[in-house]
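The same subunit A turns up in both complexes below, where it pairs with subunit B and then with subunit C.
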Partner chain A sequence: MERLDRRLGALCATPMLLLLGLTFLAPLVVVAAFSIMPEKVFDLWHQPDFSAYVEVIRQGYWTSVAWALGMALVATVILFLICWPLAYAMAKVYRRFTLVLTIGVVLSLFVSENIRLFGWVLTLMKGGLIEGHLRAWFGTGFDGLLYNVPVIIFGLVYVYLPFMLFPLAQGIAMIPDDARQAAYDLGASRRRVLWEIDLPLAAPGIVVGGLLTFVLAAGAIAESKLLGGQAVIVIADDVETAFTYGQNWPLGSALAMVLIAIIGSIAIVGVSRIDLDAIMGRRR
Partner chain B sequence: MNPTRLTRAGLLAYGILTLAFLYLPLVAVGFASVSKSRYLSFPIRRYDTGWYAEALASDTVRDLLLISLKVAGIVTVVSMVVGFFGALAFARYHWRFRGLFQKLILLPIFFPQTVLGLALLMWFNAVDIVPSWHTAVVAHLVWISPIATLIIAIRAYSFDPTLEEAARDMGCSTLQILREITIPLLMPGVVSAGLFAFLLSWGNFPLSLFTTGADSTLPEWLYAKMVSGYSPLVPTVGILTVAGSAALLAVALIAPSIVRMWRRTPQA
Partner chain C sequence: MSLRLSRRAFTAGSAAAAGLTAMGPLRRAHAAMRTDRLNVLCWEGYNTDDVLGPFRDLHPDATVRAESGTSDPDMINKLRAGEVNVWDLINVNQPWAKGQLYPEGLIKPLDKERFLPYFDHMAPEFQGPYPLAFADDGELIGMPQRYGPFSFVVNTDKISRATAEDQGWKLFLDPAMKDRYGILTYDNWNIMHMCLTGDLNPFKPLDDAGMAKFKEVAETIFSGAKLRSDDLVAMNTALINGEIDAYFTGGTYTASPARLDGLTNIRAVTPNSGPIDGKGGVVWIELTSLVNNPDPSALAPDFLEFVQKPEICKAVGFAEGTYNPVAQMGDPDVFKLWDADELDAIQWDTLAEEMDRSVEYDVVASYDALSKIYNVAKRS
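Let's look at the complex of A and B:
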């Protein structure tokens, strides 16, 4: 039985492994190879050098890396604070409304990200849904709320809310009610229960949610383009520019490698610490 | 300690506010799509459905629609099949590299999609494939088939392996077990994975951005028009794509109960 299990497992994994090998790992190898090619070449038959990386350092691309990571971090922290009460309510307080909220949030994910961000542009711009109506009713308007750093963070918070909410709710659902009840019976204050019961026991959910939102937000591009209107340039934007306007594939690849290295190391460290079987509900 | 009634009400209000927050931008797009003027400004003075007539009559929109449908359709079928077997390897069988496999599947989901699209573009270039909507299918699959796998895996976790063992003891072959037990039991998961796959592919633009070559999908066209060369058709086409997903979802949610009703009525 066990031998059969092993054979079937490997057999079933084959299609997915082939797919990911050919369309995920192989392209990454190509990016890595291009990143050590000399400037502005479009094939891989050249003497490798590291001029693209030198360029990355010399041109001061670290500022866009810092912007991307900084904004992603702020968005992740804000999302955690916003989502904690909501996730708590989904796991422990709401009854039927949990289903309504789950369906409502999932459905919003199916609407293309750019349409939703465009909706925020229409809502927040000068003469938009908010400002236009304020001016029509009260006679005084204000300049649009777009094209600055806070609105980019707002966009990140908006787009990645589901990616924090669901893992958190899953994590909180793993806290046994008995443990909280026992702590209260022994005279623990609310704050103490939060610090010593809720947060540690919901940690897997917190880690997954934080990791997902941070990593996705760090690689995001549409928020800073549509809402931020190039108020700051993020690293993913630099990568795109190097490929399109710059027509400099090696530079774009080197920038992409920087982004991949940062996101990849965070993701791999995070993913290796979580037990997927426990989170996804293995019964055996 | 049970929450008081006030906390309950407060949390309920918070939940409703969150939903409103998630859908507010769509309301703005909806209003914009029925504004008559070419240059949009709120409050809208004259309402008109002219842009819808224009969008529906437009050849560009028809081509975009066709390409988006083809891409999403193929992505759905392939990711259902790959995801089905992937989920068995993910959740059901104990094999040597299961832990590694589980983690490998998560990586594409974490990966920035625009960069993934660019990496694929370079890869296609390196092996001399000209990008078209076919290559966009590949790009979507990299991201969507792991998600399909996870959705089916949730179902596969609650699956009782003794059923398969019993069938094997009774003399069933592996293929028979697959057909008679595994597929029927996992079917609900496979169907919802297919639904997710279609809708995610239908709405995705970062992956299509660099991989469609001369072709273009609906979300990609919308993005291009938003970033440069605004067209008054943008809100209208946006609402139409949303309406497309909503219609599909409605069918998917209602279909099971219709099938059940039809089965219950005695066949004459």
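Let's look at the complex of A and C:
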């Protein structure tokens, strides 16, 4: 009976799988195919070569990859440290206030990312909200807070906060209060409870939150452009340049494939280690 | 005579009829051009209600749509990706039409008899008529309208116009300018301007020595820049609040919004001298061309004619966002529509002499090699 169920399930899923295959995989296949085309061609009817990948290595694009991944990693760690206490409070301490906080954070997503970032530009720039007020009050100002690497990381932390906060809160909600209580009863310290109860049991939430923020931050472009004044060039910037000003679609595709391969590997390793069913609330 | 129709013959006939119906869209290509649709891919300005509204009133049964692009290559990518079926007109800067769009069959020639007379009413630079509106085979491939010198922009409270014009591009190599300027990252323009900074002609192929010089200039300019952005508003804001005193790559197109707001200390500058026959500035001129759409709209050439009307010329030149002179200002009926503040915003007082000191924006001969050097310098 169970086998029949499974077959029927597979049969019912086939149309959706085909649709997903077409709409999700087809563009990736096109990008992959373009990445092995010779330089500067605009269709796929050419003898494949790997010159675009050679170019990726030869032109030192690894620095852009390193900057993107490095800043994404730092932003993810900072986000975890900021969001853990907040998510803990949302899951275990606040009651009705959790709803207010959730609505507040979700509402910010209704405003376009670029507009929110431009708001920060007006706040942090020379003569902006902060520097302008300080100059008016104390007579001396400074050079503004924009156009450097720390401000890009600040932008990533600001924009991707909801993507860490909510999975983390979901993960923390999965920790049974009884387990914590039992640990305390057996004499465990706060730090030990955190290390041996909270973190392992909230791990699915931590992995999902970490992956979401890392993947999104690694492909982010607006923060480095608007806040950072392109103090460093990230890989997404190079992909855009190759497709537009460079008019070199194969190079842009190869750069995109490199990023997809790195992020994809990290995501697959991460996802394979967690039980998504558990975090989505289905328990067998 | 009796009509005998077997079931098989009936099936075959039905199939043939269905086939003909399915071929309807194909057949239409041979019939009259459609008049129910016009899609314009353009720089901001042609997509405003001030321009499209009156045209829609003239053609109430047609769906008239315009979408503004963020860069020339972005718009060209759309055509290359198969959207020739979607668009009827494309509006990009002058070298793209001749260098890439026409040779690749993405745009098609205009009717000379219909459009050449309009050149007679344009500013003197465009009468003759304007050479880059023509392909190598002599066909007319686009109509010019907006234009403007495009070199760099300074805050004249910090760097006087005379100093900026005299120093020209060398201003950005001056060690005293380190961390005092920004780079507006319109990459194709930056590459051209970096060549001019290194006393190189970007429109001729460069030798190894030229490439080495370009690399040195690109590295110096990127390392001395305080910020880089492809957003002209961000660049003007930084100039106004004093974070920078100048920005590399800019012109009346980028300075005009600040100037119309009364900040006339923000000024586009054209160098007094340079490496191309003594000229150091560059001028862009937009061309609007007919897309080689297999299902063409008869409204496309009509729209091209429509935007030559004085009030529409003004609406195109003074659309939201940026303000620019138009070639049709050579006609007194068009010119009288601009007031003194508007003329000051587009630096009309010096426009003619700046045009004189500028060369045409053209295809950069060694673009691919220079682009690689430029991008490495940008990342370093």
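What we mean here is this: the second predicted complex is superposed on the first by the 263 of 284 C-alpha atoms of A that agree within 3 Å, B and C clash if a C-alpha of one lies under 4 Å from a C-alpha of the other, contacts with A are read in each partner's own complex, and residues count from 1 in each chain.
Assume a contact is a pair of C-beta atoms (placed from the backbone, for glycine too) under 8 Å apart; a residue touches a chain by one contact, two chains touch by 3 or more.
A quick note: this is a predicted structure, and the numbers were derived from the prediction, not measured.
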item	value
Partner chain in contact with A:A220 - subunit B first, subunit C second, else both or neither	first
Which of subunit B and subunit C A:G60 touches, first, second, both or neither	second
Touched partner set for A:F42, first subunit B, second subunit C, both or neither	both
Subunit B versus subunit C as contact partner of A:G127, first or second or both or neither	both
Touching partner for A:L186 - first (subunit B), second (subunit C), both, neither	neither
Residues of subunit A touched, compared between subunit B and subunit C (which is higher)	B
First, second, both or neither for A:T241, with subunit B first and subunit C second	second
Subunit A positions touched by subunit B in one structure and by subunit C in the second	42, 121, 127-128, 225-226, 243
Partner subunit A, residues of subunit B touching it in the complex	1, 3, 7-8, 11-12, 14-15, 18-19, 21-29, 31-32, 40-43, 81-83, 85-86, 88-89, 91-98, 101-108, 110-116, 118-123, 125-126, 138-139, 141-142, 145-146, 149-150, 153-154, 157-158, 161, 165, 174, 199-200, 202-206, 210, 219, 222-223, 226-227, 234-235, 238, 241-242, 245-246, 249
Subunit A residues within the subunit C interface of the complex	39-40, 42, 59-61, 63-64, 121, 125-128, 143-144, 146-147, 225-226, 229-231, 233, 238, 241, 243-248
Subunit A partner contacts - residues on subunit C that touch it in the complex	71, 73-74, 76-77, 80, 100, 182, 185, 187-188, 226-231, 234, 237-238, 241-243, 368, 371-372, 375-376, 378-380
Footprint of subunit B on subunit A - complex, ascending	1-2, 5-17, 19-20, 23-24, 26-28, 30-31, 34, 42-44, 85-86, 88-90, 93-94, 97, 101, 104-105, 107-123, 127-129, 131-133, 136, 158, 161, 180-181, 184, 211-212, 215-216, 218-222, 225-226, 236, 239-240, 243, 249, 252-253, 256, 259-260, 263-264, 267-268, 271-272, 276-277, 280-284
